[in-house]
Amino acid sequence: KTDEPGAAQSPGQQQGAVRVGISLPLTGDFSEPGKGIQEGYQVWADRVNAKGGLLGRKVELLFRDDASDPNRVSSDYESLITQDKVDLVFGPFSSRLVIPAAKVAESYDMVFVEPAGAAAEVFEQGFTRLFYAAPAIADDHYNYLADYLVKLPADQRPKTAAYASLDDPFAQGTAYGLRDRLAAAGIETVVDEVYPPETTDFAPIAAKIAAANPDLVVGGTQFEDAVGLVRALQELKVQPKLAAFSTGPTLPEFPEAVTGAAEHIVSPVGWSATADLPGNQEMVARYKEMFGGEPNEDAANGYTVGQIIEAAVAAVRCADPSKACQDKLTQHIRQATFQTVVGPLSFDDQGRPEQAHMIQQYVNGKIEIVLPEQAETADLVYPKRAW
Amino acid sequence: MVNLILQGLALGVLTGGLYALLASGLSLYFGVMRVVMVAHPAFLFLAAYLTYTVHTAFGVDPFLALPVTVPVFFALGVAVQRLLVARLAPDNLAMMSVLLTFGIALTIEGLLGTFYTGSYRSISMEYATRSLTVGGVSLPYDRIIAFAVAALTLGVLFAVLVKSRFGRALRATIQHPEAARLVGIPTGRVAGYGFGVGLATAAVGGTVLALITPFFPASHWVWIGKLMAIIVVGGLGSVVGAALAAVLLGVVEGLVLVTVDATWATMMFYVFLFLTLLARPQGFFGGRLAHRF
Amino acid sequence: MSEPVLVLEDVVAGYGRAAPVLRGLSVTVRAGEVVCLVGPNGAGKSTVLKVASGLLAPRSGRVLLAGRDVTGLSPQKLLGLGLSHVLQGHSVFREMTVAENVRLGGYTVRDQARLDARIATVKELFPVVAERWGSMAGLLSGGQQKQVEFARALMLEPAVVLLDEPSMGLDPRNTQVVFDQIDLMRRAGVAVLLVEQNARRALETADVGCVLDLGRVHISGPARELAADPRLGRLYLGGQPAT
Amino acid sequence: MYAAMATSWNLLGGFTGYVSLGHSAFFGLGAYGTGLLVTRLDVPWVVALVVSAVLVTAFAAGVGVAAVRVRGASFVIVSIALVSMMNLVVQGWRSLTGGSTGLQVPSPFPGLHRGQTHMVFFYLFLALLALALLVWWYVSRSRFGAGLRAIREDEDKAESLGVPTGAYKVTAFSLSALFVALAGGLYALWFGSLDPIFVFSILIGSYMVLMSLLGGVRHLFGPLLGALIVAPAGEYFLIALGETQIHLTATGLVLVLVVLFMPDGILARLTRRRAGPSIHDQSADQRLQEVTP
Amino acid sequence: MTSLRTEGLTKAFGGVRAVDGVTVELRDGLINGLIGPNGSGKTTFFNIVTGMIRADAGRVLYRDRDITRHAPHRVAHAGIGRTFQLCRVFPRLTVLENMLVAVRRTRLRELLAGLRDKGEVERARHWLRRMGIEHLEDAEARDLSYGQQKLLELAAVLMAEPDLILLDEPAGGVNPALIDRIAGLVRDLNAEGRTFLVVEHNMELVMGMCDHVIVFDRGAPIAEGPPSVVREDPRVLEAYLGV
């Protein structure tokens, strides 16, 4: 282990390490991605420390587990800031936790860069110090795909689309972003389902989709439901020309969980292990060394947070919780552009990133980036093979 | 539309079978032993994880894990009963058992999270992705298998409880332990075995579940409400009632899902629960005895 | 006089950590003899039977069955040695049918033919048992449940029977059946330890009577003599019939 | 906050023996009610708090009529179902509640700094706790309280003695919901963001139960004591063992141990009267004097 | 004046007609007996009258007021009290608390009045004294002996000051000496103007205590009249007393 939870350490070593307070959902509903983010943070800290730290000070990460509970996330940040007197805070996972956490950070004037609060609502709370360290907010995840589909010649263009989305601000955001753009382009919405997180049986939803027999199936999903939906669609022999699901397919467990059905599924992805971006390969290598296995998007997002802060600290030359320093950091982040492992990032006034997600597709069992053209590693296969 | 409804109906029946299997164990503890077993779904997922381990380690079909999981769970059930449940004071067994098993559920979830991490696991077999098409209605094989396994398990359970000497001894033990001892029933052992049988159904249910849905340590919470609703509608303790209610609710859920939406479909469970309470608090199949002498 | 079959010697017993209920109690029952325990409510009569049948382990003292020390053995073991106990109050398995209840009485009997014969006998003795064979036992009336309990106890042919208020709640006809059965058992050489509040009736049937109070047997003797004792009559057996 | 909630819960659980794992439903409704009144209708916060608590109480009375028809185990299930149902409603009713995105409630004291706000709410919760304790104490001394306790012991019997059990139970149910709703409303104002999944969580409900139970359900200060122990203990496990999910296991085990060894709670343990009958019967002595030769 | 009148009360459980068209009338101020073989519907009749079971048909009138299908507590408020065949007290409440549960009317003011309301406590002590268990006031009810619990149950019923009291086997399982005492109490209370309906299998008690006896068989009255008449009635002899 690189870092222990900070509870044991004595406060007040201001001039020693730069202490970063983080609460993450290490247990509960979001524990899996929470873990990914944690690893991303750790890889980043490891690299910074290997290079001599921030402003010559070592970086020390203080983790708390909020058990995916918004109550806890705010009390965690509260105590990290007031009791542990951390110098900086990094965000937790999931829009649901980011909002309460950001509230706390705001009220203590801390800059708040977060790896995973993509839902549109996050940016509508009037936060002034929040920045989302990924290419795009949920609604814009499918932008490249939408452009692609809209530009297709009329005879190839899908005419009907079915949407099924998990009742979660992020997951719904992705599906609705695409839906709105496609609907505007005249692609008819034939099914539009929202299911609660408790849903375990996807066959009936699939049956509904089957009855509408759409050209395009879009899932606003996390992992479990993505797998459930794909399997159910497969069983009910729904054969759309294209199937897009968010989040689920980007996780390494996915292809195995749907046995073979993964082929040609597309999904938005903010990061790629193979992309030739500054620092990306270094991060992948370091991750492999530290944790074994491949990093995923969550880890990359965590790493990105670190990169942004690192650059900002380097630019304004301070890393302490004083309002002056935090103001400087905030200002810098707002106007600068950062070179990160997810590509260059810049932010609007509400902290929204202004870039876009890439689109990945399983081609011959491998994840390939198919959109946009600048980043593509393979061509988008359309229409998809039957599953 | 007609086709859609038929499809919903078919899926509902098949899912209902699965619900029936999952609820049967609960109904057993409840009716036969007056224990509210909140941890049952947690054990289901424990079984799912074990199946997963056996499946990935040896590459065998998940159903071949049953000869391992069923006896293990049986033994586990005996242990839980003898070491924990048996120590509860009988005067408010229902209440205490909720808390006890709630604690057990947390314990299991924590352990699963520690050993398997919080990530999703799933088992998928080739046959689980295909389906049988009858008159425009697709019947997925994995659901058919689940239904068949459920029916078989329920049949066996019913036979054990109602027809066998052991079943009689078990019920006698619960209803009047002192009198049961006096007719020569080894009550301690019998109660332990009863619990074991309940958990054995969890082993079977967990295997089936592992086959058709991905799971992670906290998955069990979702199931508690649904399964509980089923056994109340069916009449507490009536294994047959639970099975019928399970199929009924499965069908209703399926139909509502295809015609309205998922929120309403889940809501149906609770709507039915409250309707049951208003109309027939003892459930539709369970005969509660009036203690009014 | 025949051999003592069941002997309780200086038994001290109680529930939980509370003060003992039985404080040095001794009783002897011989084969072919009916011993009747009478005494006020809460004197400890039922407790005596529980100690004898192994439901309650005594704190001190011994229980002998056919000369063998069986103190602390489980009810199953004692049942195997030929001792059966009918509990006071309602001890039917409420949510099981009358049939199941009666059959459970013969839980330890493997010989199907013998069981069937006993079932036929009890059905004849208690018409209700036959009539309501398939009903849930818990739904029967109080007295009917009592009959099922007694029938259940008759499934075995034990050497020692402990009966705790078998006639409670029974109508006159069924009370008569129960006492007739007790008489039959005695003739078959069974040792019977009977607890009854219907004291006068019980002492008519019994050979020996024991007055239990405050956890000890204070007076015992031939049943008829006890019944005739006016002091006992007033204090324990109730006044003479008013009419 | 937890102390106030646990004490409120105990208004129902302690007197009537009805274990509700579903009190977080009222907590959540109180929170959402207050939040919605403040955000949608711009009602002053105090008014919002009171109005929503009253509405929730009325709702609880309605639910209570159905829910208290079942006893023991079924009631537990119903209460669990209630939480799940409310969760679905709030999530599903997007236009009003913001659905899964949650609801953001502005702080009633925008002028105050965060630390000061905490202090204000600390005193508010303290006041609520005091109020709940007072009511508990008052009820425990009233005939109403005696009736409720009788219901716990033997409902039919109580009814035959003229206790209108239905009305009593519904009243107790509503009363306890009232306080929980108030706590929920305060929480909404204090915390500022509401997320259906966590506000309507069975865990919150179970914490109330655990605290009451640990402290002792039959005692005025039982739940308070329980809350003082459980809340910090939970924190401790989380910090000490937070690296993995093993802290869930620790909590679960504590629950199991409490249920097994202290089912009546700490206070009961400390103040326990010597159990068992110790009534000396003088008349027996007299009788014996007369007969012993 | 009529105390209780029923018209054609009927209740069937499945195929069993437990109460079958019962039309009876109880006069005020009498001790009425209700006897009949096991399972003849006596307890069921009680349950219907007190609202614990709904009749399939028929009416129940109390002092000419229709109380058919009133909830049990309303029946209690109307002035009818009852005891149970197997005695029921609140085991974990103290004797005094047991007494204070009984409620006459549901007025808010009364409900919120302190439990230790002087007048009520005095009344409770008064009844306990009459039962001879006042020294047990602070004991938990479960620590009482069976007979004492029976007395407590009766005392608690009396707290509500009912005018009509239904007793289900008050002598069942009770020591004969205590039976005499209960019988004495019933007579005293009757002398004060309370009406009783007593189900009992103890014939000596019934014949000695009752002014009027009703005999049930198979859910319907087959005879009624003063004890001396009923006892000679051939139908009664056959259905019940005859052996």
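To keep things simple, chains are lettered A, B, C, D and E as they appear, and every chain counts its residues starting from 1.
Here, a residue touches a chain if its C-beta (ideal position, glycine included) is under 8 Å from a C-beta of that chain, and two chains touch if they have at least 3 such contacts.
Going by UniProt, the chains are B, D = Branched-chain amino acid ABC transporter permease; C, E = ABC transporter ATP-binding protein.
Quick caveat, the model's predicted, so the values are computed rather than measured.
Among the remaining chains, those touching chain A as well as chain D are B. Set side by side, B-D and D-E show the greater C-beta contact count at B-D. With chains reduced to the mean position of their C-alpha atoms, the one farthest from chain D is C.
Mean C-alpha position of chain D lies 39 Å from that of chain E. Rounded to whole angstrom, the centroid-to-centroid distance between chain C and chain D, based on C-alpha atoms, equals 48 Å.
Chain B and chain C have centres, each the mean of its CA atoms, that are 43 Å apart. Centre to centre, using the average C-alpha position, chain A and chain B are separated by 36 Å. Multi-chain contact residues, meaning those touching two or more other chains, occur in chain B at positions 113, 118, 217, 225, 263, 266, 292-293.
Within chain D, residues 84, 88, 91-92, 156, 244-245, 247-248, 276-278 each touch two or more of the remaining chains. Contact with two or more other chains is made by residues 43, 52, 84-86, 144-145 of chain E. Listed in rising order, the residues of chain A touching chain B in the complex are 26-29, 31-32, 34-35, 167, 193-201, 203-205, 207-208, 210-211, 223-224, 227-228, 231-232, 234-237, 251, 253, 256-261.
Put simply, chain D touches chain E in their complex at residues 138, 140-147, 149-150, 152-154, 156-167, 276-279. Those residues of chain B whose C-beta lies close enough to touch chain C in the complex are 165, 168-169, 171-172, 175-176, 178-186, 287, 289, 293.
On chain A, the positions that touch chain D within their shared complex are 5, 7, 26-27, 29, 31, 63-65, 67, 69-72, 74, 78, 82, 95-96, 99-100, 103-104, 107-108, 119, 121, 125, 167-169, 172, 196-198. Against chain B, the residues of chain D that register as touching in their complex are 17, 19, 21, 66-67, 69-70, 72-74, 76-78, 80-85, 88-89, 91-92, 156, 202, 206, 209-210, 213, 244-256, 258-260, 263.
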